[in-house]
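Some structures to go through are shown next.
In the two complexes that follow, chain A is the common piece, with chain B as its partner first and chain C second.
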Partner chain A sequence: MELSMFNVNHGFAEAVARGLRSGFLGPEDYRRLGSSDTLEDMRSALEETDYGTFLQDEPSPLLVSTISKKCYEKLADEFRYLKAQTVEPLTTFMDFIAREKMIDNVCMIIQGALNNKAPVELQEKVHPLGVFEGMKVIMSESFDVQGGFDDVYRIFLVDTPIGPYFEEYLKEADREKDEMARAGIETSQVGGILTKQDLEIMKATLKKAWLEDFHGFCESQGGTTAEVMGHMLKMEADFRVLLVTLNALNTDLSTESKLQDRNALYPSFGYLYPEGTKELRKVWNETTVRAALEPYSKYLSLFDQVKQFYESETGSSADMSAKGFQSIEDLIYAENVHMYEMAFEQQYHFGVFYAWVKLREQEIRNIRWIANMVILNTKDHIDDTIVPIFQPRL
Partner chain B sequence: MAIAGGHVHRHAAPAAPCFETSWLCVLEAVSPYMWSYIGIALALGVSVIGAAWGIFLTGSSIVGGGIKAPRISSKNLVGIIFCEAVAIYGVIMAIIMANKIEGSLEFNVGPKLEPWQAQTMVAGWCMLAVGLSVGFSNLVCGVCVGVSGSGCALADAQRPEMFVKMLIVEIFGSALGLFGVIVGIIQANGATFPKHLA
Partner chain C sequence: SRPPRFKFWPPLALSSSPVAAPAAPPADGMSSGGQKPAANRMTLQSFKGKMGGAKKGHGLLKKKRDALKAKFQALLKDIVETKLQVGSGLKDASFSLAKAHWANSGDDITSTVVERAKRPSVSCKLVADNIAGVSIPVFKMVHDPTKDTIGQTMGVAHGGAVINACKDTYFKAVQSLIKLASLQTAFKTLDEEIKMTSRRVNALEYVLIPRIEEIVAYITQEMDEQAREEFFRVKKVVEKKKAKIQKERDAEEAMKKAAGVAVGQPVAAIDAPSMLGQGKDKDLIF
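Let's look at the complex of A and B:
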């Protein structure tokens, strides 16, 4: 029945999203971008594509950050246009996609506050996709974030879509505070002296809460949406587990005492859950990671490919990117692009919207990498680094 | 045609109406005109449901896809026309069926069935069956053409040469409605309501 009833509410929005799919940069566009000598050439190359004259009003010495920001603004405009055409439950689904960026924005504001920067100075760095209603108030001149973000949460974030994730984090943090207080250790107020690592952990915890919420929502939709989105979100959760584990290997998060903190960041779903994560909770160096990933051939091969990168990082090798070593993020991007392209193969589900946003983000990343290489004049590596999207199948 | 219960006629043993003793008899007890008109309503109404279903399935995709690829909107109207044809089949059948119906004397079935009554009952059941066969085959035909048409519009927006290939799928789909109409016409030929001159 889903086949015949989906179009009642969502047929138009899906057709618009599929129309936007044809706006991705193709191989000739990438070649033209890659053959530019300056950012000005890139601007005129982009004018031929679906991006059009979006950089027209920018003053002449173009910066990479400007190009990137305008690309994100275009994406945010199209996202808002698409979201305006939707009805429930698709509207909530698209809101979920935007919430990831809202978390990024709020964490950036909090970090800026800890570095004694007023929120209004960070206006430039706000991610356009993650703008929500209460944010204008937080960004206004007179607001003072200094006094600990417990107040920020209680006053401003309660009603916003990401409020519940902060609630979860604060509950967790309060619980830890209680434990530490009982152990006789001095603690400071939550918003007081947060180290950089604590902020990263807070961001990762919020993202984990968001991911689990999103997964629950998609499963409740049932049908093809649950199947397609379930697969994509499970892969996302697994990649998150891998990233956290690998990044923690070389920091002090791998010591016995801090293992708890790292393990709290593992989402409670995914192909690695529950057996894989059970094993991964105990790992503390590369050998143990390899042993834990043994039953999962795909992740094992990913890990082996990046092992050289991490081993040589602790060594002293220079220009690793020239030798073709890639970090796990690069490999994950490539895997993800293939997965998102597959989402377009089926009709009548919400996965196309999620996949479209993610593929556009990858395209913006590609443009940024090309721009950086044009500036550094190392254009021969372009084909190694960018991930082509919707390459024509022969 | 129910005989008022309880009254005893002087010259015949009172026959209790058959539906007082058996459920199966309901089929015989309902007037054949009721069956015929229900058949006409099914033929028309269910066909139109199928056509409308197909049109909204295809139409929403054409309208959305036409934003980024305006060229698809004119060619893909063919898909909409295939769906519309399904409703036209329903109308044709309804008209044919309605023209066959002739009125009769009061339809009271006594203890013995008159020949004209038997013929009318057969005609009534036949009309119902025609309505069911035409209606449901057009219903699924409309849904089928609608889903294919939606996919055709979206594929056409990405790659223009897809349109002709997908059209073949839609043509096969619309043949289903045609089967329903052809069989319905042949079936309806067997239904004759006797003429009453008086």
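Let's look at the complex of A and C:
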């Protein structure tokens, strides 16, 4: 069925996406970027790629953050254009992709509000992909912190696409609040919750909720989309589990009392679910992690490669990163890129859009890393960190 | 008259009138411009005492200055070393920051860190240290790991460990920065101290001691002169007295001559009546 009906609605969008696929930076471009001595050279090197003259208007002393921001804006423009060409259900799908960045933006605004910063000051740091209508309204208002939260929640967040995730989060946090209320502590409803909880954990929880929602949506689409996206999202969920576990290893999220919090960040789907996650909920150091990952050879090998980075006994982690040990993020990026490239091999599914956005993000990361290395004058580190996208296959 | 000697330590609150009418000579002989101390043994002793004190002080200050200079050189070497350390430390820290950006899905973590940082966990304490008698400030780092909480949960879902590694690298860089700050303040303070001590040494050597020497020389000179004067005067007085006595005797003799007594005859030693001189003696009657 798909073979015949897909192109009716989504053919144009997919064609545009595949056209954009050829705009990725190739090995030539990376080489030229890597041989620049200053950011100005990088600017001229980028002009010859699909990025074109997007940096033209920037004043002369270029900053790494400017380059990065401009890249994201270009991505956001192309994304919006693409989204405008779509019809349902592809539009919702693309909205899902953008929601991840919306979560980032809203969390940042809340963090800023906690520090009594007016939202307009954060305008600069907003992620371009995650802009939605309600956000402009939030940004334009100047509200006071504590009292404002209830308004913020009631008026804006409920209506936005990420409202339901907040609801889920607040429900969970509410349970805690009930306990506290029984203990006699008074807190105003939303504001109290939002200030008491650690914002990072809130962000991670929101993202987990988003991931699960996204997965549900893809499954409901059926066909190739469900197959391809299902696979990609399951891997994403597993990687998230790995990330949370490994990053929490050396912090106090691994202590007995806090394990609950950490485990709440495990998504409830993926290849590791349910047996793997059941095991992983109990782990608290490297050996237990290893034991839990036994049945999953792929993840085990990943873990073994980066084990040294997380060892808490041998030296400080500063030495680790200085010596060039890879952390799990590096490996995950490589795995992900491979996975996304594969998505382009099949046709008639929505996965290409998701893969395209993710690959562009990786490219922007690469560019940012190169820019940093150019500034620090340590260009020899470039090649061992960036992940080349769409390497020509010999 | 001699040109007036300049004041050693000019009083700061000098009235603007250029007419420096010297006041009544102060009891202490160390005044300026034409006021000389009384030239007696007591002042000599006091000035000799001052001289000894000044010479001893001069020697001590010289030793202090040399010690300070040696310390200074050592400090300079330390500073150069630490500066290099700071340079490379900050470079490593920037590199680890780039890595943290990479690991945190490419977004800018600096804004998040700035937002989340509430209370500083590293602060500086100022203590006073003593080097060769000079009190210099030293910065000590006070690290309170309990306030480090933001590092715990940041990036828990993405690159937290790398962010922590970045934090550690910056921590090391901050440590060497604090050390450098201590060294540089010490450097500056020592520099001032050395200058001051040098000034004092020179002042003693070229102004104060020669002055005292001069005064002592003057006193001894005066005293010698006085002694000589005294001697001469005594001599003259004795002479005059002798002359006076002689004159008186001469006058007496002149008077006796004028009274008509045989002067030429030597006067017998004993004025015994002579047998020949007087008349007939009474006849002896039997």
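Assume the second predicted complex is superposed on the first by the 356 of 394 C-alpha atoms of A that agree within 3 Å, B and C clash if a C-alpha of one lies under 4 Å from a C-alpha of the other, contacts with A are read in each partner's own complex, and residues count from 1 in each chain.
The rule we apply is simple: contacts are C-beta pairs under 8 Å (C-beta built on N, C-alpha and C of every residue); 3 or more make two chains touch, one makes a residue touch a chain.
All values derive from a computational prediction rather than experimental measurement.
Trainee: Who touches more of chain A, chain B or chain C?
Mentor: Partner with more touched residues of chain A: C.
Trainee: Let me test your reading of the model: by the given contact rule, A:Leu243 touches which partner, first (chain B), second (chain C), both or neither?
Mentor: Second partner only.
Trainee: Looking at A:Ser68 after the superposition, I want to know if it touches chain B, chain C, both of them or none. Which is it: first, second, both, neither?
Mentor: A:Ser68: touches chain C, not chain B.
Trainee: Look at A:His127 in the shared chain and tell me whether it touches chain B only, chain C only, both, or neither; answer first, second, both or neither.
Mentor: second
Trainee: Given the touch rule stated above, what does A:Ser327 touch, chain B (first), chain C (second), both, or neither?
Mentor: Once the two structures are laid over each other on A, A:Ser327 reaches chain C alone.
Trainee: Name the contact category of A:Leu170: first (chain B only), second (chain C only), both, or neither.
Mentor: neither
Trainee: A:Asn7 contacts which: chain B (first), chain C (second), both, neither?
Mentor: first
Trainee: Between chain B (first) and chain C (second), which, if any, makes contact with A:Arg365: first, second, both or neither?
Mentor: Only chain C; A:Arg365 stays clear of chain B.
Trainee: When the two structures are overlaid on chain A, which partner does A:Leu300 contact: first (chain B), second (chain C), both, or neither?
Mentor: In the superposed model, A:Leu300 contacts neither chain B nor chain C.
Trainee: Just to be sure I follow: which residues of chain A are touched by chain B in one complex and then by chain C in the other one?
Mentor: Common to the two interfaces on chain A: nothing.
Trainee: So in the complex, the part of chain C that touches chain A is made up of which residues?
Mentor: 91-92, 94-96, 98-99, 101-103, 105-108, 111-112, 115-116, 151-162, 164-166, 168-169, 171-172
Trainee: In their shared complex, at which residues does chain A touch chain B?
Mentor: Chain A reaches chain B through residues 3-4, 7-8, 11-16, 18-23, 347.
Trainee: Sort out for me which residues of chain B touch chain A in the complex.
Mentor: Touching chain A from chain B are residues 53, 56-57, 60-65, 67-69, 143, 146-147, 150-151, 153-154, 157-158.
Trainee: For chain A, which residues count as touching chain C in their complex?
Mentor: Within the complex, chain A touches chain C at residues 65, 68, 104, 108, 111-112, 114-115, 117, 125, 127, 198-201, 203-204, 207, 240, 243-244, 246-253, 262, 265, 309-310, 316-318, 320-322, 327-330, 361-362, 364-365, 368-369, 372-373, 376, 378, 381, 385.
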